Structure formats: structure tokens, C-alpha cells
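Data first, discussion second: the structure below is written as C-alpha cells.
By letter and in written order, the chains are A, B, C and D; residue numbering begins at 1 in each of them.
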Amino acid sequence: MFSAAILGCAGYTGQETLDRLLAHPGLEAVALGSDSLAGHPASALDPRLDGDLPAFVTNAEAADSGSDVIFLCAGHEAAAAFEPPAGAVVVDLSPAHRLRDADTARAWYGRAPGAWSYGLPELWPPDGPLVASPGCYATAALLALGPLAGGLEGAIVDAKSGVSGAGRTLRDSSHAGAVLENLAPYAVGEHRHAPEIAQQLGFDVCFVPHLLPVRRGLLATCYVTFPGDAREVLEAAYASSPVVRVLDEGVAPAIGRVQGTDAAEIAVFTDRATGTTIVVCAIDNLGKGAAGQAVQNANLVLGLDETAGLRLNGVLV
Amino acid sequence: MFSAAILGCAGYTGQETLDRLLAHPGLEAVALGSDSLAGHPASALDPRLDGDLPAFVTNAEAADSGSDVIFLCAGHEAAAAFEPPAGAVVVDLSPAHRLRDADTARAWYGRAPGAWSYGLPELWPPDGPLVASPGCYATAALLALGPLAGGLEGAIVDAKSGVSGAGRTLRDSSHAGAVLENLAPYAVGEHRHAPEIAQQLGFDVCFVPHLLPVRRGLLATCYVTFPGDAREVLEAAYASSPVVRVLDEGVAPAIGRVQGTDAAEIAVFTDRATGTTIVVCAIDNLGKGAAGQAVQNANLVLGLDETAGLRLNGVLV
Amino acid sequence: MFSAAILGCAGYTGQETLDRLLAHPGLEAVALGSDSLAGHPASALDPRLDGDLPAFVTNAEAADSGSDVIFLCAGHEAAAAFEPPAGAVVVDLSPAHRLRDADTARAWYGRAPGAWSYGLPELWPPDGPLVASPGCYATAALLALGPLAGGLEGAIVDAKSGVSGAGRTLRDSSHAGAVLENLAPYAVGEHRHAPEIAQQLGFDVCFVPHLLPVRRGLLATCYVTFPGDAREVLEAAYASSPVVRVLDEGVAPAIGRVQGTDAAEIAVFTDRATGTTIVVCAIDNLGKGAAGQAVQNANLVLGLDETAGLRLNGVLV
Amino acid sequence: MFSAAILGCAGYTGQETLDRLLAHPGLEAVALGSDSLAGHPASALDPRLDGDLPAFVTNAEAADSGSDVIFLCAGHEAAAAFEPPAGAVVVDLSPAHRLRDADTARAWYGRAPGAWSYGLPELWPPDGPLVASPGCYATAALLALGPLAGGLEGAIVDAKSGVSGAGRTLRDSSHAGAVLENLAPYAVGEHRHAPEIAQQLGFDVCFVPHLLPVRRGLLATCYVTFPGDAREVLEAAYASSPVVRVLDEGVAPAIGRVQGTDAAEIAVFTDRATGTTIVVCAIDNLGKGAAGQAVQNANLVLGLDETAGLRLNGVLV
């Protein structure tokens, strides 16, 4: 049994990571870090958490807990400033360590990259103990386009995300009065996830995110000109994946079917009028787009069963 | 005061058309047609409708009411079979008369087109007493792209619509259990609104609609390569429009601000990474996308104030 | 034409009050007060507001604008500290001046009441230029129970409100992630609106509010033992009201039908098993529950048409 | 390993029961009955179901499959007409066998009751192989009030349920256009779940259900006059329950925390003004309110671990 610490455990991705560890046969949460909840019992975060869990400690204390694995569920500034303890596996769920190009990293996050590997298990498994876990938008776009990238010169990615993608922090745009019965694009033409997608694909993409009136879930509709049989390529890429399902012809991905899970759904279509290849990917932004993938990355680095602790089963309506 | 009949008054677009007529200074609803509600008082449709309105009659009776204007809010088969009374203005809200090309019309709707003009007031005002009022998806896409069409060779239109766009008829896909906390594309690569958009723009578009968990409202995100200043063209096109508002730079359209209205919001962006021009349009699918535009078309044909009866004012949160 | 100033115009109730004044034939908004938006054009609040409106000023400046009517859309502390200008009509939408009993007012709001009259037009029309406009929960409960109060000894009021009832201020409980797919009661057994309801009815009520995943709208289900024919009493009470509609037997009020309006729906039922009288009232918390009622109160004090500026027509689906 | 057949597997409760069996260590779904899907593979119901499951058969074939357990997820007419195979455990999720009094059963369901025991495990564990599993509303009301019943003479139960409570069948009231941004009570004063609650409590209750704009989840707010310490009684009743959690003082149940689970949350409050005891219970209508409880009942009858297959863990946000 490996031990794990979660830093930023009171946020959405922290709570979701804890959720996965509660069901994990090989990883045990021994330190719950939260500067705002330090000193309180686990139930202070959620009444479902009970006395078997340790009380919250500060993030610094959690980092010093000597845990085998550290999940960084903090903001990117805190993650960038974090000094990995020697010997520990660290999985960073923030964007701090995702960009490899020094200039790009500085332009978007004000700092140079370090010795972190980008870990999207199905396409780019983590390579070393320091793992930059992909963003939710990048995960969906890359699962859809990564296997096709060699044949592409560009892509349009129209993405739609539930409100939990913006975190638990209070913002005008996350106020339910602004979310319900609404839909709007944001950061149009300049979202910080675009360079992350471009880095992995090898070409620039036009990426536009929209905020959906759903609690969790993300769908990316990707438009490309692909010279081959995209379905064949994608089916081959994910044939043995326990996480990514390529749907039968004519079936479209749906957020409702991946919500609350760490699975992904992908479908491929050809536009009748223009021949455009349309690849659609649905994930849960907090699952495959965050906590589920972080645990999957940790499993791979530690040599555990890749899907241990993940939420992959069930057919809830 | 002109008299008006509504056929298919018990559906969403019929009820919304009636809503506009209730506030119209120059058009009075004198015949409410509904084969399912015939014989019942107006309040059978909605308790807010009271004794000042006539009782429901059959659609055939409403058609024979001698009204100056007939709003066809029925399905496209019924609309296609409809024989316009001599001298009447007829505004068809169904897709039955929108396609001009005989082959295309037959392929999608099983019939040849007739002497109907396509009526999108800001771009193609109705020309004659028989008006085919545009579909909701087409309205949003065309308002966004119509003024730019001369400089375009293609377009990707990623559209998202509230559930009322599919009408009041019961379908699995409109069941709230399938809509809430969900989002999925549908009819990918082969939606019947694509030819309508292509006909008016003069080139094929790749059009993908998605079903949103909102009651009403529609947003189209359009991706094009445009050789000029798209903002300048769009601002000029709608400078004097009381219906379409081109937003200031950096402000994105939002369904929430047009919901329940007959207005449209448009914004233009340039993608930082790829230079793609992104034009976004938000409307209410039942307002500018259906009943509001139908009444606007009727106003133009009758020589009334273009916006009489429309819902254009107010700043509801 | 009377002139009006709105203090706290950037909040939900302020924006809604402005909405009503934009359509008002006898009241013109001449001063838009907001300490956060002072100096900005009206469009800074909402792109739908254009150049015909004055720019925002501070609340103090708005108060000093010499307007005939002042709408206080601020928090209760600011409202309590407000000094009404001589000769002005002031309608306070906050709870600051609603409680008449000095001890109760001090216990809940830390201050004694003043020379303000409670203004619920259908039951207790305002009496003088200083009007305490009722809260949204109180409005629904009182419209349901007020006419029956003489025959009652107590009541249980189970109320459900949309999220806009908590205002535009950011709170954990208003975060969309906490609202969507959720429902929970709050302030159970001790909500500050209970004394307001009790004061007007003359007896204590057991009042429990719940937060609904809807943007706007409020429904109160009231349980009482009433010795007479409650339907008859309520129908008589509202027979001539242009605002309150008592529904036919068997028809239940619905938030969807009053949303975005200043109307109220009431229905009466008798429980088959226990004989309990159930009175249900639906309003829009921002309409009849706030801005609509405030303007209605102002109309009455100024001698204008009671419903001028109100949103009462239409049958939007 | 026991074998199980599900009749009506294509409905909400059938799919949810299958979901529980997929994770069950001691019960295996060997026959999936659905008259509409018979002959199709399991994936026809949901793409997440794959080749390891048997194809759908008719309900009659599923009933004849010789399974150890039969879950009746059909309508109450079909359930009433069902002849239990000798030796089989049958858990009926419909209301057909819940009422013991012949007259009451005939009045509400047109038939006399049989040799079925009512199975609400925490209060009235099943007694024999034929189990009538409680309705969702009854489950919430009874968990809240059952332990207090001896001290009560009546109760008001104001309940709010997500739309899946009405099943997958298409109805006007389940259309998303009627559900979103809406709330309304229904069947006021005469809901068929009221007699079921009354039967178990021993006195009549005033029960009013409301339809919530949420996909799944149910909350019952119960108002009673209780002569003792209700909290103490409820805490004692559920002290050892792995399913029902009595929350700490001041914490209110929330649908969001039980959604997708088979757990229940209960809280007790005393109204400051009137002394009324308020007991609130939240469950998932498809979980503890249907499939979870049905499997829990089957586990008890079969002598398996009571919570095998249930969804009880996790702290999803």
C-alpha cells in the first residue's frame, strides 16, 4: 500500500482525487492538505467523510508528510512554487508544468518549465516521477485528435464544459444566476489551454470554450480535414483501452453517459455536404479531465493497475 | 387593424406567435387553430389566456377564417399541403417552403418549392405575400455569416440549441431525464438545416447542432477564413437594425440576454493562434428564430412598423 | 412624468427595477446609483442598456438627484442608514423597514423601525411616501394566507426559491456547482422572513425555505386548517386584481408561468386524507417578489395606474 | 453466486437495478427482460453495456429463466398480473403489492393485495421471498417519520422529486421544456403514495409532491408535533445503519450529496417560532428510492451482505 497526500484537498479536483483514493486498493490518503480547513476534521469538507480519515493539515504539512505520492490540486502559482520532496511521485493537476517551451510557458504562466513529463496515459504515458496531468479541455481535444495528428495541418476545437471546470472559487461567471438557462463562449481566441493542445499535436488549433449549464462534463467537437479513415485510426488507437470507448457509427457521445466517471467517449462523423471530418469527445471534466487521470498517471508511475481507483463501471441513467 | 389566424397554435411556435400578437397594435388574433384543442377555450392551452380570446377552432376553420394574415405553425407536411387563400399573407414557420432548388427540396422534404420568398428581414426581406420564415439554426448562422458571404468559401457552424427548438412533441431526446446535465450533438453531418444555410450563403457549410439543457435560446459559433475586417462589415450591416446588436470588442454573446426576446447578439473575434475569424450569434430559438421573425416578416409585408409586437426591450437578469 | 433614482442599481433588484422603468409611461429613471459602477456608462451593467440612459453615479449622488421617487435596492444596512430626502417617495426593497415591532426589528436587523408603511398592494396598500416593500417569501406566503388569516391559528409554509433570490453577491451557496442538480432547505427554523410573515398575519408560522436550481421564480406551499371555504375567500379577495390570478380547481401554480413577470398564481386544494387546506402561490421572486411590487407601490403612492411599467402580459412558453 | 432476472430492464429502475448487479459480488444478471428491446444486444439500451452481458429477451422469457431472484421493474398492472415462479425471490419495484388493506389496494390499484411483505430494510425488513419494495416518496417520508410514529398523530410531508421519478415513459410533464426553470406541485391532495405512507405510519398524512428541475434526487420536508427528542430517537434508530446518515445539528440534507447513491441523509430541526419539529430526508429516487433498496431487500432475503452491490461510497462534488 502506497501512501498519498493531497494538496488543495478542499477544491473540486482535490475532493475528487480523495474520492478516487477512497476506492483505491493500493493508494491510501494519509494527508489531506488545505490551508483553509487545516485543523478541521475531514467531515468539515463534506458530511460523507467520516472519522476513518485524518483531519486536515496545511498544504505545507501535507507536502512534508513523507507520502509516496503527492497530488497537487492547488492553483498554478502554488504548484509552480512547489518543491518536490526527493523520491516522491508528484502529480500536478494544475497547468503549471504542462508547457515545455520556455517562452510559451513564460508567456502564459510566467515561469519556465522544469523536469516534468506530460502524462496523458493513452497517448503520452508519464515518463518519470514528476507528472504534469493534462487540463480537461486538452484531454478531450487530444483524445479526439492525437491519433490523427500526423495527418492533420490544423483543427477547430469547439468545446463546452460544465461549471465545475472553473473550480470552486467564487466568480461572477460561476454564479448560478449567470449559468442557468445560459450559454456563452469565453476567452474566445485566447484561451490558455490552446498552447497545451498545440504543443502535443504539433500544430496550432483554433480553440473556443463555452460554459454549459451543467455541473460537470465536457464535450469537444473537433473539425478537421483528414486524408485517411479517421474511424479506423481512432478505433485502433483505443482498441485495448479500458478508459476510452470509440462509439459505433451513428452514435454520438453524450456528457450524461460519462458524468461522474473517468471514462471517455469518442465518435467520428463525416459531414455530408463538405466532407469535413468531425471527431467528438465527451469526458467528465473532473474525472478523465482531472482527478481520474491524475490517479491513472500515479498508477502508471507506481506500477499499479492502471485503472485502480478509477470510476469506470456502471450505467447510471 | 389586420386580422390574423394561427394554425398549429398549441405548439411552441404557435403559442409564441400568439404571445406577440397579444402585444401587437396592428394585428389581432381572430382565429386560433388547433386540431387537438378545437372546441376548447383559449385557457385550455395556458391559464394565462382568458375570455377575451376566441375559442380554439380546427386548423381548417382557422385557415378559412378570412384573416388577412395566416401564421402556419404546423409541421412541414401540413404546411406543404396548405393551399394559401387568395389575397392572404401567409407566413410559414415550418421548413416546407424554404428551399428553392427543386431537387434539394425534394431530397429533404419530398416536394418541390413554390412561389414563396425566404424572409430574413435584415438580409433578405420577404418579397410577396407568401413568406418562408427561416429556421432557428439558419437564422443564427445567416445573421453571423450572411454579410460576410461574398468573401467566404466555406464555414464551420457549431450550433447549440435549447430544447424548445425540437417542439412540444414528445420524443425520447426531449425527456428531461435525457436533457438535464447532458449535452450531445445530433444529426451530425446531415442536419436538414444545412442546405437552407448553404442556399442563402451560396456555398456549403459544415453544420453540427447540439442539444443544450436550457429551455430556450440558441448560440451559433461560426469559424471562417475571411480576407477583410469582419467586424467592420458586420457593424455596417446591422448599424440601423433595431433587432440585431453587434457587441463591443471582447464581449461575447450570451443566450441569457436574448432569452424571451426577439433580439440577436453578434460578436466577432480573431483567433490569436490561427487567425481564424470567429463570429458568434445568440438568439432565442422561439423568438428571432421563430415567432418573432414570423411577425417581423408579416409586419414588412403588411407595411406595418417592422418591430410591432416584437419583444425587444427590457434588461431582465 | 415623474423622475426616479435607483440606488444599488447593479444588483438583481436594481436591474429589474430599471427594467420596469424602461417600459413605464409615467416614471423615468434619471439617476442610476451604484458605488461599484459609478462613472461607467449604463452599458457597463448590461450591453442591452444604451446611450439614452445616464451614466452610473454613486448611490449618494443618486440619492441627491432630486428625483420624485427613490428605489432603495441596496442591502438592509445601507437602507437602514438612508435618510429620505424631504418630499421624496422612497420605496425600500430591502428588509430594513418591514418590521414594526421595535424589539423584533432590533433582534433581526439591529435597529428600530421608523415611519414606514408595509406595502403589499393587494392586501395592505402603502400608506404614505415611505414604503417598505415586502420580501419575496413574505409576498408569496401573504398572498396565499392573508385573506384567510382571520380564520387561522397557524400555518406551515414550505417555500422554494430560485437562486436570484439570494442576490448577485457571490456566496458558496449560489455557486452553480452547488445549485445545479441540487435542492436543500436552509436557515431551517430560523429564517428572518418568518417574523415578517407573522407580523402581517397576526400569528406565528413555521416557515422553511429551499433553494431551487432555477434562475428565478418562487413557490410557496402553505398548509393550514381553515374552517370555511378557502377558495371562495381567495377568489373574492383577488377577483378584481390585475396581478393575482386564482386558478381553476385542479390547476396547480407553476413557476414557469410567472417567471419574468410581475404576476402571481394561487391555487387552493383540500387534502383527501386529512382535510388540510393547501394554498399554493407562485411568483417571480424578482418580479412580484421585488421590483414589480416596488414599482406597483410607487405607482399607488404617486397616483399612477397601478400596473404601469409592470410585466403582466404574454404567454411565453 | 445467485442468478437474477430483471423484468422491464429498459426503464429507469430496470437500468439502475442492472447497474447495481454489475457491481454485485453475489448476484449476477443472467436475464434482461424488455418487450421493446428483446432480441437486441445489451448495448442497445446503453453503449456502456458490452458483450459480456446477455442479449435482451422478452419479459416472459426473463421470468422463465429460472433465476434465483426476479426484479420486477415493470408498471403496476404488469406487476400485479405477474405469477411468481415457485421458489424464486421476487422484488417488485412497482406499487402493485405495497398496500395490505384490500379496499385501499382496490381503490388505488384495482386489485387485492397478496402474500407480499413490505420491505424497507431499516424499519420493516422483508419477511419472505415476495417483497414489495417501497416507493421513492414513501421511502423518504418513512425514513424521516417511521421511528417517530409512535409519538405522532399526523404529519405534513412536502416532497420534491427529480424528473426520473416519473419514469422514462414520455409525458407532457416530463418534457424538458416543462421541467427546466419550473417547479409545480402535482396530484395535490390525492397522490397514490399517501396511502402507502399512512399504512406504515398508522395515521393519515397530508402529502404533496412537487416536480423538480433535477434529473434524479428527492427531498421530503416533514412537519410534525413530536412530544420528545426527535433527534435522539432518529440517531438511535439509524446508529448502526450503513445506508442512513443522521446529520449533525445545523446541517441540512442536500440532494446533491445523495445523487447517484443508495444512501439517505436525515436532519432534524425545531422551528424557533412555533416549536414544530421539522425532519428532512434526502435520497436518490432511483437509488434508495428504487433500485438500491430493491437490491438491499434481495440481499436480506438471500442472506447476503445487506449492502452488496449498493452505491454507498464516494464523495463526488
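Note that in this section contacts are C-beta pairs under 8 Å (C-beta built on N, C-alpha and C of every residue); 3 or more make two chains touch, one makes a residue touch a chain.
No experiment lies behind these values; they were computed from the predicted model shown.
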So which of A-B, B-D or A-D matches B-C, with over half of the contact pairs the same residue numbers?
A-D
Taking each chain's centre as the mean of its CA atoms, which one is most distant from chain B?
D
For copies chain A and chain B, work out whether under half or over half of the interface numbers are shared, and give different or same accordingly.
same
What is the distance in Å between the mean C-alpha positions of chain A and chain C?
43
For chain C paired with chain D, centre-to-centre distance based on mean C-alpha positions, whole Å
38
At least two partner chains per residue is the criterion; list those residues in chain C.
12, 164, 168, 177-178, 180-181, 213-216, 317
Give the list of chain A residues in touch with chain B in this complex.
154, 156, 158, 160, 162, 177-178, 180-186, 188-190, 194-195, 198, 204-208, 210, 212-217, 219, 221, 223, 252-256, 259, 267, 269-274, 276, 278, 280, 282, 317
Chain D partner, complex, touching residues on chain B are 12, 163-164, 168, 170-172, 174-181, 213-216
In their shared complex, chain D is touched by residues of chain A numbered 12, 15-16, 18-19, 22-23, 43, 45-49, 164, 168, 180-181, 216, 245, 247-248, 251, 257, 260, 263, 265, 286, 311, 313-317
